[in-house]
Each structure stands twice: as C-alpha cells, then as structure tokens.
Amino acid sequence: MLSTLIELQRLKRLDRTGWTLRGLANGTESVAAHSFGVSVTAMLLADRCTAAGVTVDLEKLLRIALLHDWAETRVGDMPRTATLYFGSDARKQAETAAFADIVNPVDANGSYANLYDDYERRKSLEARLVKAADVLDLLIQALALERAGARGLDEFWEVAEKPGFNLEGAAEQVVLELLQSILKARSELQPNV
Amino acid sequence: MLSTLIELQRLKRLDRTGWTLRGLANGTESVAAHSFGVSVTAMLLADRCTAAGVTVDLEKLLRIALLHDWAETRVGDMPRTATLYFGSDARKQAETAAFADIVNPVDANGSYANLYDDYERRKSLEARLVKAADVLDLLIQALALERAGARGLDEFWEVAEKPGFNLEGAAEQVVLELLQSILKARSELQPNV
Amino acid sequence: MLSTLIELQRLKRLDRTGWTLRGLANGTESVAAHSFGVSVTAMLLADRCTAAGVTVDLEKLLRIALLHDWAETRVGDMPRTATLYFGSDARKQAETAAFADIVNPVDANGSYANLYDDYERRKSLEARLVKAADVLDLLIQALALERAGARGLDEFWEVAEKPGFNLEGAAEQVVLELLQSILKARSELQPNV
Amino acid sequence: MLSTLIELQRLKRLDRTGWTLRGLANGTESVAAHSFGVSVTAMLLADRCTAAGVTVDLEKLLRIALLHDWAETRVGDMPRTATLYFGSDARKQAETAAFADIVNPVDANGSYANLYDDYERRKSLEARLVKAADVLDLLIQALALERAGARGLDEFWEVAEKPGFNLEGAAEQVVLELLQSILKARSELQPNV
Amino acid sequence: MLSTLIELQRLKRLDRTGWTLRGLANGTESVAAHSFGVSVTAMLLADRCTAAGVTVDLEKLLRIALLHDWAETRVGDMPRTATLYFGSDARKQAETAAFADIVNPVDANGSYANLYDDYERRKSLEARLVKAADVLDLLIQALALERAGARGLDEFWEVAEKPGFNLEGAAEQVVLELLQSILKARSELQPNV
Amino acid sequence: MLSTLIELQRLKRLDRTGWTLRGLANGTESVAAHSFGVSVTAMLLADRCTAAGVTVDLEKLLRIALLHDWAETRVGDMPRTATLYFGSDARKQAETAAFADIVNPVDANGSYANLYDDYERRKSLEARLVKAADVLDLLIQALALERAGARGLDEFWEVAEKPGFNLEGAAEQVVLELLQSILKARSELQPNV
C-alpha cells in the first residue's frame, strides 16, 4: 500500500499545466488540489441531487472523484491540445494502463480499475456527476484567479457554452444551476480600477 | 453553493505551515493537497479493514476526510505550537464555529456539522480512521520530502512513537502495518552520496 | 541568543496569509519582509513627527516595530477572520505567551516583554505609531500588488475608512497625510489596457 | 511570426516534470531553460569535435538544439513513463504534428520541419550530437541539484550507464569524455555534513 | 568544459530582476529562458532577412545569441537603473572580464571572447540583430505577462518608441515589422472583464 | 514619502542572489527579509554589548541596519563576484548615488545619507556592529538552510574564518561568541539519514 501512496504524493506538487501554459505562476494549482476540489464539488452536487429526489451512490461518487486523476503521476497533466495530437482513444488507453499499474499493489479484486473504467466511459450517473464536477471546479478556479487579477483564460470558459454533461432531470438541473451561478459571478467582475 | 466552493478554493493555495516554518520552499504542500492525501489514505486503509472483516461506512469516512480541514480557510493552517498557546479546546471551538459558518449555505439539515463534530471528538470508527490517515499522510509526505533531500523534520516523526490512534482489533493492525512500513522505508534512506 | 535568532529566521519564509488566501502566489510577502516594511514606515513617520515638533523616542519605536510580529514563529500568521473566532483577547494572550517563550533566552530583564506589552495595549505614542505603520505598510503593499495587476483586495482597503489610529495633533496629521496620498495613488490606477 | 513567438514564450514557464514529480520545488527548471542548456552544451561539444578534426555543421546543430522541444507548448513535458504507455511511435507522431502546427506560420519552405524530422530520427551527426547534449544537460542539472542538496534522483543517472549516443570516432570520444567528467564530479560529492 | 557548463546552469534559476522589482512573482522568467527566447527570435528574424535578400551568418548569430548573457552568472542580472549608476562603460568592462573568466577553460583560441566583444560593440549585422531580438523578446514577454493580467510594465514599452536598432534596409524592415505587430497586439488587449 | 516607501516595497520580492545562484529555490530569502534579520541581530548584539558595559547608540544602530540595503532597489542584489569585476570603490560610489536618489524626497537634512556614509566607511561602532550582524545573519540563514537539507554553501562559511569585524574589547567578544555558537551548531549537523 505504501508504494501506491508514495507515488500519489507526486500529485501534490504536479502543476496543472493549463495555468502555467497561460503565464500564471508555477504552483497555481496542483493536480492533488484539483482532485480535492472535484471531490468536494461532486459531494455538494450529489447531496443537492439527493435532496431533489435523485438516487446517487455517494460512496461510489467519492471514490471515483478521488481516483480519477491518479494516472497523471505517470502520464503527467497533459494539456488539452495534447489530446488533439494523440487522439482521445490513445490517451484513454495510456491512462487506463498507467492507472492499472499504479493500483496494482492494492487492487486485488479489480474494484478500483472498474471505477476508473466507469469514469472513462461515463457509464454511471456517478461518473457523469464527477465529470461535471471536474469541469465546474475548473471554472470556479478560473473565476477565483480572475478575481485575483488573472486574465487570458477565455479558452477555459468556452467549455461552458456546450458543456455536454449528459445528465438529465433533476441532476441536470442541479448542475446547470451551479454553472449559471458561476457564469453570473463572472459577469459581475469589474474591470480593474 | 458557489460561495462555499469559492471559499474552499483558498485551500488550494494555502501552504501547510509545518514545512515552510522548517525552511522548505513555499508551495511544498497546500492544505487542499493534504486533504486529498488524507482522503486517499483513508480509503485504502478502510478497504483493507473491510477485507479484514471490519465494518466501515465508506461514505461517511470519505465525507469526513474531505471536510476535516475546511475551517482552515478562515482560521489558517495553525502550526502545532499554536495549539499549545491557545489550548486545544479553544482551537476546537474556533474551528467548529468557522466550519459552521462556511457550510451554512449548504448545510440545511446540519449533516456536515455533525460529521465535523464526530471528527473533532473522534466518536466513530470512521473519524478515528481519518485521524490516523491524517497522521500517516503527514509522515508519507515527510518521507517523500526526505527522499528528495529535506532534513530537519525529526519533530514530525516523534508522533510516530506514540501515535494514540485509539483503534482496536483488525483496524488497529491495518493502521500499524502501514505505519511500520513507513518507518521501515525511512530507515532505509541512505545518506546523500 | 542563537536559538532565538534561528527561530526568527522562520519569519523569512512564512507567507502573509492575507495574500495567498486571496489567490496571490505563494511567496508574495513574508512576515519578515512585512516587519521590515513596518519598521521603515515607522521610522519615516516618526522623523516627520519630530520635524513637526512631536517628541518621539526613536529607539523605542524601532524596537517595537522590529519585534511586534515575532510571536508568529509559533502562532503562525493568523488571518483576520481567525481573530473573530478566537476572540481578540485569546489571541493577545496566546501571542504574549508565545513571545515570552521566544525571547526568554535573551530577555533577562524583561525589557522585550515590556515593549511587546506596550504594543499590544497601544500604551505609548510609539506603539500607536507602529500600529499605524503596520496598517500603512499593508496598504502600500496592496497598492503595489494592484499596480502589478492584482485585484480582489478590496477588503484590505476597508480599514482605511475608519483607521482608528488613536493619535492626535501633528502625529495624527502626519499619519493621515500618508494615508491620503496612498488613497490618492490608488484612485489614479488605470484599468488594464 | 508573432503568434509563433508568443506560443514559444510558454516554454519559459513550463516546468520540466522530471524534477517536480520527484518532489523538487516548482520552478526548478523550465523547458526553455533546458533548451538553452542543450544548445550551449551542443555548441561546446561541437567546437571540441571540430578541434578534433570532425566536420560539424554548427548552424544546423544550433538550429536543431533550439527547436527540438518546441512541441512541448502543445503536448506538455511528458514524463519518461508517459512514453511507455503511449509508445514512442505515437509520441513521435503527436509531437511531429504539434511541431508542424506551431511552425506553420513561419516555415514556408519546410526547413524547420525537416530539421525536426532529422532530430526525431537522429539522421545526421548534428542531430545525434544534440541528443547527446540533451542527455548531458539533464545530468549536469541533476548534478547541480544534488550539489544543492537534492537526492532521490538515481533514476536519471541510469541513462548514463548505457547512453547509446550512436556516435563514433572523435565525436564519440568528446561526448564520453564530458560524460566521464560528470560522473567523476558526482562521485566526489560528499555526504551532507 | 564541465566547470563552464556547471556555472552556466546558474542562469536557469537566476530571475530576470525586471519582473520581480515590479512585483511579479519570483520565477517569472529566468535568464536562461530569456536567452532561449532571444536565440529563437534572432533565428526567425534572420531567416526572414535571408528571404528578403540580406546575407546573415546564422552560425555567428546563434552563437552570439546563446552567449550574450553568460556574464550574468558572475555579475547578476543588473536592473536597468544599475547601469545608470555604474555607467555603461564600467558595466561593459566588468561583464567582459567576467565573460572572459567564465569561458577561459573552453576558449583556447579566443573565439567566444571575440563574439562577445562583437556583441558589446554591435560591430556586425549579426550582433545588431541579436540586440534587436533581445529587445523584442523582452516586449513579447511583457505582452504575454499583460495578457495573463500583469500591469505596471509601461517602462518596458518606452524602449519601443525609439528602439535605435541601428539596422538598415530589409533587415530594419523585418525587425520593425515584428515590433509593429507586437505593438498592435498590445493595443488590442482588452481591459479585464 | 510615499514614492520612497513604494520603491522600498521592491525589496520584499527581490531575491538574495547568493542562494539562487547556488541552486536553491527562488524566494529563499528576500532582501527585505534579510534586512529584518540584520536589524534584529544587531539589536540583540547591541543589547548584550550594553550589558557588558559598552556604550552603543541603539537608535543609530537600528537606523543603519534598516537602511543599509536600500540601494538594492536600483542596483539589485549584486553577487559577491560582481564586486570583484566592478571594484569595491565603484560599487560603493554607485550604491551611494542610488541611495541618495532614493531618499531624496525624505532626507531634507541629509541625515539618512550621513548614516549610509557612516555604514559604508564603517566609521562608528554602530556601523561596525551592523556589518557584523550582516555577516552573522547570512551565516544563520545558511545554517537554517543546511538544517533543511541544503548543501553546496561552503563558500559562505569561508568568511567565518577571517571575519575582520574590526571591533575590540567587549563588543568583539560578544560578536565572536555568537559566531562561535553558530559554528558549533553547524559542526553538530548530522549527515542525512
């Protein structure tokens, strides 16, 4: 178990390349910090879904949120453009193989691998909620950076136009509501004095 | 919900003061990254407990792990010595009040507050496992830093001598086993060439 | 003496949490760098007071300015909100106790402790001038950061509305004059091109 | 031309992931800084080759050294392990396509693309010398970091055992001589006092 | 050769003081990263000059670009104002002497020293093109930083008003064209939302 | 007064180049943080001198300590080697001129300039004590960094062999005592486990 945990420590220092490639300081956000943000966002979204009558398996949701970026210890935090050049199938295959090797010492019954596969294919509602949380945490981070003075992050906001969360009913409504409030908060940002 | 999530973004940048006070670089580990490490460690420990026949509520465990440090957005990451001067009761009260204010917009039924209270009092097995994961993630981070050349971190290792995890049976064994493997890995560190 | 000096080295790396909690980069300002700014600001203010006929004990003023944040090596740089949850009395007691332990090896006659107590109670004119310098250095740092592109720092400027420096006569005038020139410089900041 | 140059600015901030994944601070070495190191090392090696009677096209060599990592603005600095999971052919194809898109606005006659292709296939002596410089600059950086206290970098030194520079005659000798002096300097490092 | 290369590693970490003195984060741009930018800019400019019928010695140009800042390992990255106080002659003499000592182990025939002297006196067309690239890379970096939210960099743009590149004919046109496109891109920057 | 204070803010971010040139992380120590360390060290040394019967003008001492590095806002933190190439006279002249320009708006009667001149010539006991504190703070910082794992800092310790503090009697004894305790603490550092 220790070798897996030591390897995952690496995510605490690995920069999310989206920010540094746009000129923000090194250390703006680590992959581990992002995974934390995704997990928390997923939890709050799911609790609101539950309150709205949607059945969500919270344990499964949180497990997926926590492990969805583990492959980055071996593959790195590939910028969006990298996927264009490698193709998203190749990326999925590489990350799936990397994930399998990372969890190998602790995944006797293959349950982590199954959750990862679920996430990659967005099979379950839980997987789709985590993906939504992944996008929303990115936008909230972008908003927080813009509030602190950053700009030049417009590309990140394009995803908000056609999010493609592939959700329905109350779950979709909960997610879109948060998205709308993020967009509203952004529209209220004032130009620098 | 957005105001809570924006506030929690702050944990992504907040340094764990333990490292910077000992001369390591700013940005060594954020509170958010640590929370991720604790959550992952708790999940792996709990899965092993389950395999050993101990009943663990994984949903509850992961919720506690994710939220146990939220109060730091308002109280900061207080160094260990700060608790000595404030007293641990005052610290708990302050953090509990800060936590309540942070989750107020999303905690209609008080369930987050209850989980936090459980953690602070170490009432449930899940709370105690998260506390163990909190200590173990600290030690694994210290080990990773020492492998990268850091030293002067002996204080952190003192906790390993009398961990006081307050666990029993198979759960205790699972936790102590990980602790032992961390200590063994540390003992195998070679002096710098 | 060495143990005290080694402990104070820690302030050189400890981040002022006010900036990092608002999304600015780690390393924006250390507590030691702030103490330097406060000391220099206090010296310039006091020299202007002297020129205006106010008697200021410069030695006492500079000693207070240099030592007023030493307790942070043990208590950390608590964010403003932390004081709300702990109460300002508890904070003062904790910091006073921490300060006493830090200077213990070098303060045979209690003179450092007396200066710290003077500062905490704002007893002397010198203590009040240092407190004014503490606020003004914060505002000048905020101004410098805003000039470099930061925003989202409005909370810090609220203090400027009701500063409560508790000074009078020429001393008050000197301090308010600097405050006004800071506010004027801020009002002249242009929106980003 | 400006769009290409603006895109290449990104390499100035992009961390070499090899260091951060091993726990060294963000900002340890940027891709741009490494490219500078490779170019300089290649120049010094080539000048020594020339002095030893080997004909080297310096212009070609320096061009290759400067452009060999440009694809990383779009693909990122992939850790060594990433290549294992993607396969080195996929990686070469992706990087070649990214490179072509980056230089498209400035490469009317395809000469940059040809140089990149030469490098990727190690066709010319110049390409092989740049590859050798790429490895040697990595080792010199590792040595400099170890001199500054880093450790845990043993993986990087493994490459030194079977470098496979694919050079011959005087060129090989020049390169191996530098390699030997690096290894000798490393062997002389003392344990920390 | 190794001692020279180890010394030049220092440029990878040395901050360009122009940015940090204006409040941007440490690590914004290293001297090595800037040298990379200058070399690349010089190469693209020279290739366009060649296409326009100007004869440029690319090998010489790239050598000068790569070595023009080596003296900074010993003299540091002196801010512009430093030159005012030392006088530009004293600065040139100091840097020339430092450069000579740095390259001493690898410059048996004095060719590096000659190139440096050429650059310092702007004797050749190649030296003047590198100087132009030095200014243009600075402006492109400033533009990239402003796009990411920085401001307060107006001083750097003043140089653009009277660049004094001391070029003529097609070479001058190529350089001014890039300068114009930089200025145009800057004028299109929008105020922060 | 504001323009001077804004300019001095720059020292809060300006790296001491001694550390970064030796491969330590950016942000290891700012010039402002060092000035704080020198001021505090000078104060403690002077108080001990007073206790030993030596008359020290504390106000003067603290003023000199606070202002002794102000010229660096314009001249930068020149590495030790830079002085070799410029000559120490040229450096003093440049820094003196820079200092005069910085304080010009606040130094109607020339008293800051006089203190700076005193420091540069080491005329008074206070100036010599500040110089001793300047060296001792450097060594204590080096010691703290070595305790945290840094190495390769031997050059800095050479100064300890022939400090040349130019003090006498009890003042010399106080200073040498601190130096000895620093050297003793360093000799007790253990090799990394």
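Letters A, B, C, D, E and F name the chains as they come in the text, with residue numbers starting at 1 for each one.
Please note the rule applied: a residue touches a chain if its C-beta (ideal position, glycine included) is under 8 Å from a C-beta of that chain, and two chains touch if they have at least 3 such contacts.
Keep in mind the model is a prediction, meaning the values are calculated, not measured.
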item	value
Set of chains adjacent to chain B and to chain F	C, D
Chains contacting each of chain B and chain E, listed by label	A, C, D, F
Interface sides of chain D and chain E: same vs different residues, half threshold	same
Identity of the chain that, by mean CA position, is farthest from chain E	B
Repeat of interface B-F, chosen from A-C, D-E or A-B - more than half of residue-number contact pairs shared	A-C
Greatest separation from chain F - chain, by CA centre	A
Distance between the centres, which are taken as Cα means, of chain F and chain C, whole angstrom	22
Intercentroid distance (Cα basis), chain D paired with chain A, Å	32
Chain C-chain D separation of Cα centroids, rounded to whole Å	48
Two or more partner chains touched - positions in chain A	9, 13, 22-23, 25-28, 144, 149, 151, 191-192
Pairwise chain contacts, counting only pairs that touch as defined	A-B, A-C, A-D, A-E, B-C, B-D, B-F, C-E, C-F, D-E, D-F, E-F
Residue ranges of chain E in contact with chain F within the complex	9-10, 13-15, 17, 20-23, 26-27, 73-79, 81-82, 84-86, 90, 93-95, 97-98
Chain D to chain E touching residues, read off their complex	1-2, 4-6, 8-9, 11-13, 26-30, 32-37, 39-41, 43-45, 47-48, 51, 58-59, 62-63, 66-67, 106, 108, 136-137, 140-141, 143-144, 178, 181-182, 185
Complex contacts: residues of chain E adjacent to chain A	25, 27-28, 144-145, 147-149, 151, 191-193
Interfacial residue positions of chain E with respect to chain C in the complex	22-26, 146, 149-152, 186-187, 189, 191-192
